[in-house]
Each structure stands twice: as structure tokens, then as C-alpha cells.
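In the two assemblies presented below, subunit A is common to both, partnered first by subunit B and then by subunit C.
Our next item is the complex of A and B:
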């Protein structure tokens, strides 16, 4: 039972092959990470298609009324699809068995063993010191690991479904086509309004680009299910900008917003903590913050008199002024200095990490007590953004993360 | 279907022997160079055949004839899709099809189709263009009639959306975007399937940029995919199977060509439906 996760397996996986089917543990190396880029929607199952493959008349000498002529390309596709389906079926079966084994190893009920339990078990059984999380061992549904196959792009007669099939990027180019015609329509209506002397009606009809931005290249790739390059992405954005800059672009708001994401609005909405009202009508909001390895839980009470308690001490918890100022920045930006009381539990890390963690937690907690414009101000001043930097690991053959051993030629 | 389309091309290329003598020497050398060039060479003189009076063959009866017989009968017909009624010389002139480029830009292979030069600008001989255009339309009609895929290609930015819309409305295909090398010649690896090729490529302009020939022309020629191409005075005629000398820059002219191809393809689809060709 343990064979599936023996060191031998791990070594073999490193060599680039995946011999172990029992537990289906693979290392998500770079090759695996690129899955999302060039693969496409889940294979559309063609149960009857496979049947037809076998029943299709191989000799065309006796044409009958019911005979379906299948193009060579389609036949090849069907064979590929069948092979893929068979492979995936085997892999899924292996995965299910492996999951049950894993549950038994962990002494849990195999029937109620979820993916979260699998992840936990893998982390426990195969602790990995690899820095990049994506390089650590995983055990997942085969459909998430193996590249998905593109559904057939053409019919039985060999005629492609998409009228831009031959461009290789039909979805991408047909979107450009759509944008172009929307722009042409706007130009037409502008001309008409100009001719009818109704130019003043055009004011305020342009699309407002504030508070949203174009979807990323990766998102566009996923949406189009095509391998779009940087150059094509830039072309897409240019064309979209041209549409947006038209004075009547507000009319195409829905279409434009399909290709934009409104970032901060969502973030702020989700980040605002709930307000609890205590006895005596005092409001309290709680939020957490992290920086480096420190964690802080911040409670903000309103109304208050500006008390600041950190792990039972006041601001003198931090001997240096720099850290004290760091803590006060959110209060100053939100103009609540001296109007709220703050209570903080902070653990781990050094003073820089702790101060940063408190600052982030405090900013988040304060969101409960401020107006939308102040929230935007806080976002712009970077108070709500988590500092993602972490300690960089020491490298072998070096003294530290970057520092090399002292070396003199002779 | 491939076989029947091959027959269309064969028929279009079957030229009386005495006519081929009329070919100029340089055209002969061209014809040796590549297979598709030889197709083009024969097709270039075939309008002479096209203008001959041929025996009127009655329209086939789909109920009694088999598919092959129906298809063959349409080939005997002189003008099955009525392409001769689509355009007149005057129409071509009005659409400014005769306007070529500056004489200095002339491509040597275009010289047979040039009427002369006026104020340093080449004028295309519309009397040669008209039969070639009709022949190209006829071939297009026959290929569509047999269920062939037609691919419209153009790199002229001014009419690009219109060409794409044309292809979409006709239920055919378009490629007016940057040509990735190997779209035809390396298609199995680019598309990840066995190669699928269009049965006819219609180039509404055979140049990619001002200086370069469209790569699709070369690739179609290598794979013997028949091509219809509007060739301006600065274009290479040789790799095009059915060249139509004419202005490929003015939007008026291009919209005119699009109108013609639209009419003939719609007509062919209509006939295909009416004759019950499957």
C-alpha cells in the first residue's frame, strides 16, 4: 500500500515520468503549470460518435442512402478522442483507489475523504522543503492535472464550425471583428446625430473607465481558450481603447464590461468587517493582518479616546518611533486619530513584521467606520494592500540568500 | 466531392491545342516551373474557350439522374450560374477596375494584361479582365455547388471587416488576419488535427504588404489548392490559378468584387439546394 509513495516513486517522478498510478502523486513542475494556457474546454463527449466510427462503411463502393461519409480529419479526431477518454477513465479509477488507500493510511473513513483531506494527508506524508508551492507534491483529480483536449472544431463532413477557423485563433479574431462592427455602428450613429444637429445629446454618453481595468492576458487566454500572445493581447487592448474613446461608447457598456474587471470595488466590499454593537452602544470591528511571519488581530472600538493597547502594553511596546508612526498611519489617513480605541494581539516575528501586521489589520478594521471616498483614499495610499514579501531562503553554497562566501583568488 | 471538384478544374483547363500555341514563350517557361503554374497557364487562355459558342445542354433532372450525372451535366452547361449577366464592361469601368499602379511598379508577369499607360499610370485591359472574371466566378460557382469550402483572403485594412462579414453571411470562411507561416503547409501541427484545406481560396488582393506577396498564395500554390485572385499591375500572376487582372486597392472596386462573389455563391447554393445535390 505504501508503494505508491515510496522514495523510489518520488525519484522516478523527478525524472519526468509518472509510473505510479496507485496514488497518482505528481510533482507539478513547470510542464504541469502550463496546462491552462493551451488547453481548452473539457472534451465534449461523443458517445455516439465513437459508435459511428465503427459502423461507418469502410468501402465506399456501395453507396447507400443512410451511409454517413466521415472526413479523414474527423475520423482521426474520433480515434484521438477515444484514446484520450480511455486514458482519463483509467486515471480517474486510479485516483479513486489511491484516495481510498490514502484515507486508510491516515486512519480516516475512505467514503467521506474529501480533496481537502487529500491535500492535508499529502502535506503530512510527503513534507516538502521546496520553496515554490507549485513544485510540491500534489494529488488531484486527473482532469485538473492532464491537459484537456479541444472539442472537435469541425463536423462529420470535415467543414469547420467556425467561419474564422483558418486563422488558427478563431475566437480571438471574431471578438476583434465584433469590436470593429460595434465601433462602426457607433460611428454611424454619431454621423447621424451630427447630421441632425443633435451633438449636445452626445455629452455624458461616453463610457467611464474609472474603477475598472482590462482583463489580463491570462484571463483573455482562458476566456478565448486559445494561445494568445502578448502582441495579440496588446492589439486587443488597443482596439478596445478605440471603442471606449468614442463619445457614444456608453451605449456599449455591457459589452465593454465583459472584458473589464472592477477590482477595488469587489476587494473593498469583501474586506469590510462586520460591526458588533456592545453594551452601551459602543461599536467594535475586528480584522486580522499579516506581514512577514507576524500575525495580528486588531479590535477597533468607536467611540474612543485614542487608547492603543498592544499585547497589554501601550505604544511603548515598540521602542522605536518608526514603528509607532507606522501604526498611526491608518488612523491619520482615515482621520480617526483620537476618536477610536484599539486593542491588538500580535504574535511571532520581529518589530517590523509586527508593526506591519498591525498596520494592515488596523486599516482593514477601520474600513467599518469610514465612507467610500475614504476607503478609496486608503486603498490608493497602499494601506489595504498586503505586503507579499517573505524571507528569502538561504541557498546552498552561499552564506545567505544572496551573500556569497568570502573568496580571494590567492 | 474532391473528385468532382477536380473535374471542374480539368474542364476549365481543357483548351483546344491550337490555342496553346498562342502562348508566349515566357509563359511557357513559367508553366514548367510549378504544377500550379501550369494550371494557371492553361486557365489563362481558357477564356477563349469560354467565349466559344457551345451547345446548349438542357438542365439536368435531379429526380431521374444520379449525383454524378447531375454534376457532369452542369459542367456541360455553358453558364450554369448566369455569371455573364452579373457584370458588364461598363460596370467594371465604373468600379474603377481598370486603374493600375504607377508604371514603375509593374510586375513583368502582368504585362500581357495591361492596355497601356496614361500619365505614368498603368491601365488594365478590361476586355481581358471580363472573361477572366467570368471564368473565375464560374469556377467559384461550381465549387460551391459541389459543397466545397471557400476561403476569402484579403489584407486590405479598409475593407477587412466587410470581407469577413461577407464570408460569415455566406456560411464560408475568411482569413484576413496576419498569416501565420505554415497555416496550410504545416497545418496538422498548428491545428492539432489532420489538415483541413479549403477547396478554393479567393484572394481579394494577392499582396500582404505593398512589397510582399501574401504567403497564403505561395502555400496554396504548393498544396495545389485552386486560387482565384484579383491581381493588380504590381502583383505576381504566376502562382494564381484563376487570375483576374484588376484594381485591388480602391474600396469601390473591392466592394464590386465582393458583390459579384456574393451573388454567384448565393446562386450556386440556391441551385445546389434546388437540384438536391448532397
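Our next item is the complex of A and C:
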């Protein structure tokens, strides 16, 4: 009966209460939605994650003469799953009806009312000035609202599917296991080559770690669908480093790269603006930059004589030297000071924001005219990184963003 | 004498004692104790022939080939210019231990005009304009030196803005006209300045009419200019009137006696634009004074009128003389306003640009030569380029940045 459970039909019941069942509008807040990592393991969406989690042993499907005994844990789990399913069915029905109501309220055709229309209608009917976007009213498919749960880890007979189930972190430990075996294999082949006196072949076979780094703890957690702590993460990295430092590690390149993310260096290639060649063979590259609330469009011409035009003025646009120094840095690092002409359109914000926006745009535009090693140098100087800081809002009951009113006894 | 020198040396030694203790080994010992601790530029016995200098110290002989080069002003001519040079420049010159100025294109342009001038025509007006700190005042100094060499009489206002502002300045009702106001201290200062700039040129100049100061005091026709100046300096109450007398006599006698008069007014827009800040000049009833109501300004405005001959007027407009809300542009029409433009029109505008690359390099090299730039990076080509970029080749800004580093 329950033999062919699909991964998602068996789910834990979500215990939250919903204020309005009719229209299914959830005033979600951050606490409610941020279920992902800490207490509940999420259903993995990656195919390999699913493989690790949910392949039940084939023997499960074989008919047996014996009466099927179901373990207590499995029974409790199945009950929970059924309750969750029923609830979700009701929620989905409510959502569909609510959507039709909404379409009627808005005077549109209920049958062709899409999610985008729903969002627009909610924004119109329940306008909210709340700062946090997650705190604003939403109406969505229940499956997007309610947290998903990890599917059953054991069969009807109570036996876990995974042979490392009792390590609590089966995916994590099986990965470590895999790494160790790969390392052992590499050592074996090294020994063999040593025995056959083919050591010179080993040169150049090691994995190149430049331009990529290990995935973060957070990424590893999501990947494993397990609550991995920092200690375990460090253990994982140590083991991986050991694999990478082996002279033959290049053979396992594909496996290693699964656990590494490329640095920006490769993304740099896509960030390089296209070079237009004007009449007379003058090259021009255009890029944009932002900082705080300012936006800048920077055009760089090469060859040039070092002219700098900002909104139709020269550098006197910035009366203070500090801002001119800000603009100087990309030109210095790329060694193009006095060799290019620059034209800038910048708007909004104050001088700091505008100078920062121009600096970012200029650095991006200059990428078109420099060699690869200079690009890397520019990246390392932080010229290509956007400064994400914004003005912090003022809070009610306070004098400013952080500052409190002067405390007065009474 | 010897004792005082020893005292000086010991004070130098005490100043540098801590330094001595820290790095005794690294100091190179030279015969002269002072020079190895001193950061001051050393005056050389014979100026070396360097790329940024010219040995042509006569401003009359400067040509387009000298543009961007520094020439040193001899001490005797510096004594003439000194009272008119901005204190900031004087301080720099003192630090550099020599008085050097750069030959720049607008000064040569102006010199070219002056050379070919027909003095029998009504006074021509030349107006220097340019951004803040671009060298308008120094261009004017160059021209003044040039004219001084040629024996011109120099009527120079170092900074007209001084006459329309002042916190606790004495303002007296004019003894000549009751609706005008005198600035006794400023007038006396200008008389001194005038005397210093025209040493030896005023002999033989005498007044042509009688001036009655009070019932008992008067200057007969035929009084020498020196006496008028002395009178103004001793009787401050009449100093403004003395200025008026001198200017009037110069205007009248220029043609008769074949004088050559150079009128140089810096920040001339102060004559025509009301200064409205807190330190504006006020009379006893706390009423703000119009520039035209101040007798000094009134008299100098007459010098700029083209109703006399054998003279030249060189003016410069500056943003600082205008109120803060009227400094957006640096062009003469904007800065002078309607009244000023009508009063000076027609004039020959001369744009004083920022340094060219050659001039900026020459300036930086001069600073390096004078030990003003000591940072090792500042002496490299990249450092020089950076200085030029950040200062936007503005002379004043460049000097400011070099002083910081």
C-alpha cells in the first residue's frame, strides 16, 4: 500500500496556524519563513541529493508471505504525512477559490488569472509601507509558503535506507568516505608509478587551486541537507586539502571541482565590456557603476591624453581632492593614467556616492584595455567589487538609525 | 656676533637632540652642522642650468620660448613688488629661499599688447580672468615688474576686496563730500604701498592746483607728490583725500609730462558688486555701504574710466570678491555684474588657463629642487602624473597638495 511513496507526498505536518483560510493571505514574517537551515532539513531539490536520500531498496517491493509489520516510528511518520497531505489539499483548494475571488474583485477573468496578477492585486488592495519585504502581505501557492520536510529515511520495516544512517550525518560522512577512497586510490597509483620508475610522468598532474575556492559552510549544508557544524566543515576542508595536495590530484579534477566555486576571475571574462571602434580607429568601452544612490555611465576612449569630463565639466566637478583621488586609483592600478580619455554621466546622490560610482564604472570600463594579470590585480585591489552599503533607515523611537534620544530622567 | 651664532647652533642642536639619539649612525657628518639637519633649501652660489629655469631675469626679454620656465626676481625689484605680493606667495618665497616666478603665456600676451600700445589713445582696459588659483595675480605681478623696468608709474591695488570689508575697521565720514566714507587706515596703507612701488619715479612731480584741507592747512599748487604722501601719512584723517589728489594729478599730468601710468587692480569686481557678508562695511547708523560710497573705491573707479591718456588699466576679476551665492562662474560678465560690465566695457579679456603639462611638470620639478617635495614617490614619473591629475593642474591646488605630502 505504502510501498511506492514518492519523496514529497510523505511530509511532516506544519503546525502553524493560518489567520485567514478564505483568502489565504499570509502575513509572513522573517521568523516564519526562515526555516531552511537550523531545525528542519529541507527537501533537497538537486537530483543527486534526491538520489542519496530517497532511493528505497528494491527488495521493498517484493511481495512476501509474511504479514507486513510496520514499525512504530514509521506509523507515526505515516500519520503525520497523511495529516500534512490533507491539510495541504485543503489549503490548495482554498488558494484556488481565493484566487478566483480576487480575480472577481479586480474585475478580471478568473481562469486566466496568473500569479503575477495575484501579486499585483495584493499590492493594490493591501498596500503596505513595511520596510522588510518579507513582512508584507503575500498570497502564494501553499507549497511555496509552508516548509517542506525531509522525506522518510527508512522503510516500512523500520530499516534505514542509508548505510550510514546512524552517523546522524549520512551524506556528509559518505562524502568523507568517498574522498578517503579516492585519496587511497591515488596513493596506490603513485606507488605503482614509483615502482615502474615513471615518476617523471607525474609532473603537472596536480590540481591547480588558483581561481577557485572551497564551497562555504552554508553551501555545504544546503548541498548535504544536513545540519553541519563548523567543526565538521573544517574536517571536510582538511580532508579535501589532503586530496588536492597529492601530486596526482589532477585526475580527480571533476570530483574536486564539484566542491569548489570559481573565483571572480572567470566571471571577469563576462564583465569585460565590448570595445567599439570609432572612426579613426579610436576604441571606446562603456560601463556602468553604482555606489549608494548614485549611478554613473562611464565611457573610456583609447588612445587619449588623460582628459576627464564629468557631466560636461572637467575634474573641477569635484572641488575636493579626496574625490579626485578616488578616481585616480583605477587609472593608477591599470597604469593607464594619461593614456585614456574618460567621459562620465553621473546622477543622483552626493559627491562620495558619485565618486564611488564613477570609480566602479571606470574600473569596469578599463577592463577592456588591460591584460589578464592586470585584471586580476584590479580585482584584488577591490576595484571591481561593488560597495553594497546603503544609507540605513531611521527607526521610530530613535533619533537616527542607531542613535537614541538623549536619556532624561524625567 | 659669535655668541649669537653659538646660541642659534645650540638651539638647533637641542631641537634635533632626540633625532640624534635615535639614529646617530645614519647621519652623515659634514663640516657644517646646520646644513645636515636643516630642511631649508640651500641658496646656491651659482644657479645651475636646469630644465625648469631660465637665466633671463629681465621680464622684458621673455619670449614664447621661456613659457613654463622659472626666473628669479632680483632683490631690488622684489623690494618694489613685495608690498603687493600675496602673503601666501611671500611665505612660499621665504621657504624656497629665493623669489622665483614662472613665465606664463597670458603675461607674455599682455606684454605684447603693452609693447605695441599707442599711449595717446584713451586708457585701454585689460581684464584677466580665470579659475581660482590659476595665476591671475602672478600674471599681474609679472606685468608690473615688466612696467617697473620700463620706468612706468605703478598704481597698484593688491586686493580690492579689502576695501569693502572689515570687522572693526574705522569708517569716517568723508571730509570732502558728506555722503562718502573714508577708510583712513587702508588709505594710509595704500599710500605707503604707492611710495614703495614708485621709489625715485615721483621726483619732479608737483601738484597743479591748490588743495585746502582745513581752514588753516592747505597744499599750494606746486607741492611735490612726496609731501602729499607724507601729509596723508601723518594726518590719517586726510589720507583718503590725499589718495584722491594723487590719482587726479596723475590723470591730469600723464599727458602733459609724458608719464606712463600702469593701473593694476586685482579683484576689480569688488568695486561694482555689493559685499553682503557679516563683515561688510557699515557706517555709524549700521547701514551697509555701497562700494561707490567709499571714497577710495570712488577714486579708483575714475582711474578705470577711459577719459584720460598715457595710461593702461589692467584688472583681474576673482570669485572671492563676490558673495558666496554669486561664484558659480568665473567669466567677467558674470562676476562684474551689469554695472561693472557697463563701466569697463569695452575691455580686452585675457584668459589665464590652468597649467599646461609642461608648466605643471616644471612647477613640480621646481618643488623637488627646493626640497618642497621630499617623498620618494613624488619624485618619480608616476608620482608627478598623480599630482597633476589630482590637482587638475591648477597652480594653487598643486602647491597645496605638494605642501600636504
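By definition in this document, the second predicted complex is superposed on the first by the 257 of 410 C-alpha atoms of A that agree within 3 Å, B and C clash if a C-alpha of one lies under 4 Å from a C-alpha of the other, contacts with A are read in each partner's own complex, and residues count from 1 in each chain.
Everything that follows uses one rule, which is that a contact is a pair of C-beta atoms (placed from the backbone, for glycine too) under 8 Å apart; a residue touches a chain by one contact, two chains touch by 3 or more.
Quantities reported herein were computed from a predicted structural model and do not represent experimental measurements.
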Room on subunit A for both subunit B and subunit C (clash or fit): fit
Which superposed partner A:238 touches (first subunit B, second subunit C, both, neither): neither
Touched partner set for A:159, first subunit B, second subunit C, both or neither: first
Which of subunit B and subunit C A:180 touches, first, second, both or neither: first
Contacts of A:76 with subunit B and subunit C, given as first, second, both or neither: first
Which of subunit B and subunit C A:168 touches, first, second, both or neither: first
Touched partner set for A:321, first subunit B, second subunit C, both or neither: second
Subunit A residues touched - subunit C or subunit B, whichever exceeds: B
Least Cα gap, in Å, left between subunit B and subunit C after the two complexes are fitted on chain A: 58
Those residues of subunit A which subunit B touches in one complex and subunit C touches in the other: none
Complex contact set, residues of subunit A against subunit C: 306, 308, 314-316, 321, 324-325, 328, 331-332, 337-338
In the complex, subunit B residues that touch subunit A: 147, 149, 151, 160-161, 164-165, 167-168, 171-175, 177, 180, 183, 190-196, 198
Residue ranges of subunit C in contact with subunit A within the complex: 131, 382, 385-386, 389-392, 397, 401
Residue ranges of subunit A in contact with subunit B within the complex: 71-73, 76-77, 150, 153-154, 157-160, 163-169, 173, 177, 180-181, 184
